[in-house]
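What follows is a pair of complexes built around subunit A, which joins subunit B in one and subunit C in the other.
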Partner chain A sequence: MLSALVSNSGLILALLGAALATTLAGIGSAIAVGKAGIAAAGVLTEDPSKFGKVLIFQLLPATQGIYGLLIGFLIISNVGLLGEAKEVSVVQGLLYFCAAMPIAFGGLISAIYQGKCSIAGIATVNKKPDQMGKAILLPAMVETYAILALLISMLAVFGIPNVTI
Partner chain B sequence: MAIVQMCKISVYALKKHRKAILEFLQREGAVEIINSPSNDVFEVEDLSSQQAQFLKFSSVASQAWQTINKYCKEDKAFLESFNGRKNISSENYYTFVDNKDEIMSVAAEVNAAEKRQAELKAEIIKLENRRDALRPWLDLDVPMRFKGTGSTRAFIGLFQEQISREALLEGLAKKAPDIVFDIEMISSTTEQTCVFILCNKKHAEQAETALRALGFAYPQTPSKQTPRESEEILQKRIEEYRAKIADCVYTIEKNVGMRHAFKFMEDYFVMRADKYEMIKRLSNSQRCFVLTGYTTKKDAEKLESKITKRFGAYVELEDPGSEKNVPTVLHNNAISRPVEGVISTYSMPQRNEPDPTFIMSIFYYILFGIMFSDAGYGLVMTLACFTALKKFKGMESGLKRSVKMFMYCGISTMFWGIMFGSFFGDAISVISETFFNHKIVIDALWFNPVTNPMRMLMFSFALGIVHLFSGLGILAYKHIKSGHAIYAVYDTLSWYFIVGGAVLYLLSQDMMAGITGIKLPQTVGNIGGILAIIGAVIVLIFAGRESVNPVKRILKGAYGLYGITGYLSDILSYSRLLALGLATGVIGQVFNQIAAIGGSGFVGTILFIVVFVVGHTLNIGINALGAYVHTNRLQFVEFFNKFYEGDGKPFEPFAVKTKYYNIKEEF
Partner chain C sequence: MAKEYIYAVSRIHAKEQSLLTMQDLNGLIMCPDYESCVNMLKDKGYGGENDGNNSELMLRSESEKTAELLNELLGDEKDALDIFKYKADFHNLKLAIKSAITLSEPDEYIMRGGKTEPQSIIKSVAEKKFELLPDYLRDVCEKAFSTLLETGRGQLCDIIIDKAYLEFIYKQGSFSDSKAISLYAKLTVLGGNVKTAVRCADFGKGLDFIKNALADTPVIDIKELSKAALDGIDAVCACISNTEFFELADALRVSVNEFEKQCDNTLMKELRLQKNDHFSVAPLAAYYLAKESEMKSVRLILSAKLNNLDENVIKERLRDLYV
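For the complex of A and B:
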């Protein structure tokens, strides 16, 4: 048992990274989309015609979860869990684990704050539907950091197979 | 591609033509009416009460058709709302207007019927509650008010608990041992027990005290009739009310044909209320009035001749000059025009600013295309928008503008998708490998960002620099136009030197060569370095040129130079082109892989189709939203930041603002 764990520790670490990327970013998006959905439903009780607008706000913080999924998928695909098995060294596994961290935590926290911003945007659109353009930009500012996290995670995951250790 | 020249228009006319002139202007929809100055002779009329009356009529009509829709659903074709307002023939227009009193009285009737039926429904609920309250008493065959015969005293009432006859008798025997009780249990539940108790009349008081001590209470609303009779009476009344409700519903439903008339009336009275709003902006003497407003230079002369000829009015046109609050109107070619909508959601440009729409639209399509970058998705988007434009001819102008914009964005997406070799992710190679056992790979026309992300990152930064430099270029143009050509050197050329020079210098360094794969000769790098230093010196000296105090000026200059961090973050911000482009492509590939898991059998094919359709639809939705939002961000934050003042006043002409009917032609 123990020796099996040790010999596969590279794979375990990589999978742990993939799991964290998907889970943490997913948790962030779930919290944010959930809260924004509550706010959006509130607006709909007054004016159902705003559905299209508030739905966009609810969806804005959904991207982090998808970015997390993306990194998670890239990692499990790279370590051969989807196709033919590959040899993953401990160092490589650890590298994958590290590569997953930016989107895991950047996604988690940026999603939550983007959700808050989206809720505020929903309130703006409720009172002033013509200010949609501006209101949608504010949550997008928060998303920048999720995108930056995704970028580094993605570049790292792409680069790891080239490292020979 | 410019900001349209505006014209101040003043109309001096007889008051008897006031209504006609305003109606004419409303149909033309080309003049924004502003408040006219008032003095001793020319006064502003307050017509708020008439206006409020019209708005009330409008809401009566609106309520009436909504009521009708509640009972008779309106048949609407799929995506009907894309079609915008209906056109109305002049014949119908006059039929409606001539019969407006009758239409409105029917509307009032419909609303009254709706109100009445709501009241009746509430009544029925009350009656039903009373009927239900009688249920436990139905076995009692005397009225609940029955107090006894000549020599007996009857107690009809209840206990708020479940209590058996034995327990009751026992309790009474303890409290009043001398009295003989006859107890009849009428009903008993866990919540209450209804009883009929009889005793000798001479013990009545004593008996009541004893009963009360045990928790006996009289029923709240005892009736003259026996409970069974009461129930029948209530039931009858409920039936009556139901019949009345049916009458009300019939009144509503028989007017279903009036739905369109009501909608028209809603529009018609809003139009009239709008007109009264405009009358408030006029100055009136006893016989004349003055109207002031803004219109575009293009429309001005046409309006002038029409108003003069038709109403014998005097029209004055003048150049608004540098007046404040003159609205901004943009005019662009067909490709750029759709992006005007995006600018107006941010802020309209000042009238003396250059119109950024054209340059912005080019970058808008490019940036959107790179972020979405999939030929398949672009194709879907273009086709969807194109079909919508063809199918729904009557689409409202605002929506039409957006749909057109997304169509052009779709074309750009297709282009970049071909450049980067993405068609529904890697659908072609996955499909050919899974179903035909022969992998066909269609290579990117330029390069594939998934396998070559660094190159894509460099391209994103380069495009970002071009975008930022265009913004700075507009700033230079503004300076030159306002006669301060030298400011263009201070504010634009200096930054071209700093950013451009720094890029050249970095590209000549070994460190960057490892990342970018480009190595410029050392001399070019040195020239870049020198240019950057020259630029920095210009900024240091001239960025604070408004200050006279030299110390302050240099400090301000240093602060201006600190803006270099802003440029750094602006350029890095374009990395989202890579990130979002990759996200679209890789998520698409993920869905393709999942779809292909089932193999090429029958079940596998079904699975493939389902996952493919659902997955890619999802991907299109989320990434189109992302591309839209982040294109806006790059435009508003990075690009506009370099030159845009904004805060111009949008043009709000007095026009027909109806919801359901397009009332444009002259009748």
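For the complex of A and C:
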């Protein structure tokens, strides 16, 4: 058992990275989409005609979960879990693990704050429906940091197979 | 972690749009008579279906609607806004004691929306079962009841209850995490103490009487205030200047009414800042107080219309609105 763990520790580390990327970013999105949904429901109770507008705000923080899924998918694909089995060294496994961290934590935290910003945006649209464009831009700014995290995670995951160890 | 009121706040922000604006109030003031004022309010959705042209019924329905909405939104956290309900309870206690001693019916003056059912207060006092009253009313009831029985002076009874109310409100406000609620408590105490001190001095009461009538809280030094009340308005203004609400001192120089109005405006200014809070109970408290203030303004306009008062008199007394 122990020897199997040691011989597959590279793969385990890579999979742990993929799991964290998907789970943490997903948790962030779930919290944020959930809270924005609650706020949207509050508005809809009083004015159901605003459904289309508030739905966009609710969906804004959902992207981090998708980014996490994407990185998770790329990692498990690169280590051969989806196709032909590959040899993954401990160092490579650790590299995949590190590559997953930006989107795991960047996704988690940016989703939560984007959710808060979306709730504020819902309040803005609720009072001033004509300010939809401006209101949507503010939570969208938080997305920048999720994209930056995704970019670094993605570049790292793509680059790891080319690293000579 | 502090409880978040996301749904409630979001819904209350949507509800805020149905609050009357200053433009609406000006429209009411411009109405030629009482009936057109009532009709305009009805068009705005004010009151209930069966209120007819009775403004008191309309305002009561409006108040009940607000209480119902907040109860629904707060759910299990109903106690969060209790601080606003105690005023009605202490008021009903005064009625209950007086009606128990004079054997009269207090129905007409009962204030609804309290924490405790008015009839339960009235019954407990009438049957002298003070132990059935909630904790915050029990001791003060015994004291006020025996004072009224011994002296026959209703004013003394009122002073005892008002003092207990202010001290209780201050305590409740100091427990609250909400800045709006804590400010409400402080301003209620300040307004109540200053009004009592000035009125007592006007009626020629002595230093000890005034000091005993004032609620002892850190909001204002009651020793200083009671002495100042005897020295005149300027001294009271100087006393207010030593508190955190020093900017209200000038309003008292104009009149006690103006002082009360500025107390309300100070609270409203803080409440407007709470509009951008999307998570705490503060916007709900702000809505409740905004609705109260709106109803105060509507009542003022309607009674002015009934008594054919000048528009300028109404405008002078109107409070700032939340929206």
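One rule holds in what follows: the second predicted complex is superposed on the first by the 165 of 165 C-alpha atoms of A that agree within 3 Å, B and C clash if a C-alpha of one lies under 4 Å from a C-alpha of the other, contacts with A are read in each partner's own complex, and residues count from 1 in each chain.
Just so we're on the same page, contacts are C-beta pairs under 8 Å (C-beta built on N, C-alpha and C of every residue); 3 or more make two chains touch, one makes a residue touch a chain.
Predicted model, so just to flag it, every value in this text is computed and none were measured.
Contacts of A:A99 after superposition: neither subunit B nor subunit C is touched. In the superposed pair of complexes, A:L155 makes contact with subunit B only, with no contact to subunit C. Applying the stated contact rule after C-alpha superposition, one finds that A:A21 touches neither subunit B nor subunit C. In the superposed pair of complexes, A:I75 makes contact with neither subunit B nor subunit C. Once the two complexes are overlaid on the shared chain, A:L108 sits clear of subunit B and of subunit C alike.
The wider contact with subunit A, measured as residues touched, comes from B rather than the other of subunit B and subunit C. Subunit A contributes residues 35, 38-43, 45-47, 116, 119-120, 122-123, 126-127 to its touches with subunit C in the complex.
Here subunit A touches subunit B in the complex through residues 56, 59-60, 62-63, 66-67, 69-70, 73-74, 77, 82, 130-134, 136-137, 140-141, 143-144, 147-148, 150-151, 154-155, 158, going by the rule given at the top.
For subunit C in complex with subunit A, the residues that touch the partner chain are 4, 6-17, 276, 278-279. On subunit B, the positions that touch subunit A within their shared complex are 342, 344-346, 450, 453-454, 457, 573, 575-576, 578-580, 582-583, 586-587, 590, 593, 621-622, 625-626, 629-630, 632-633, 636-637.
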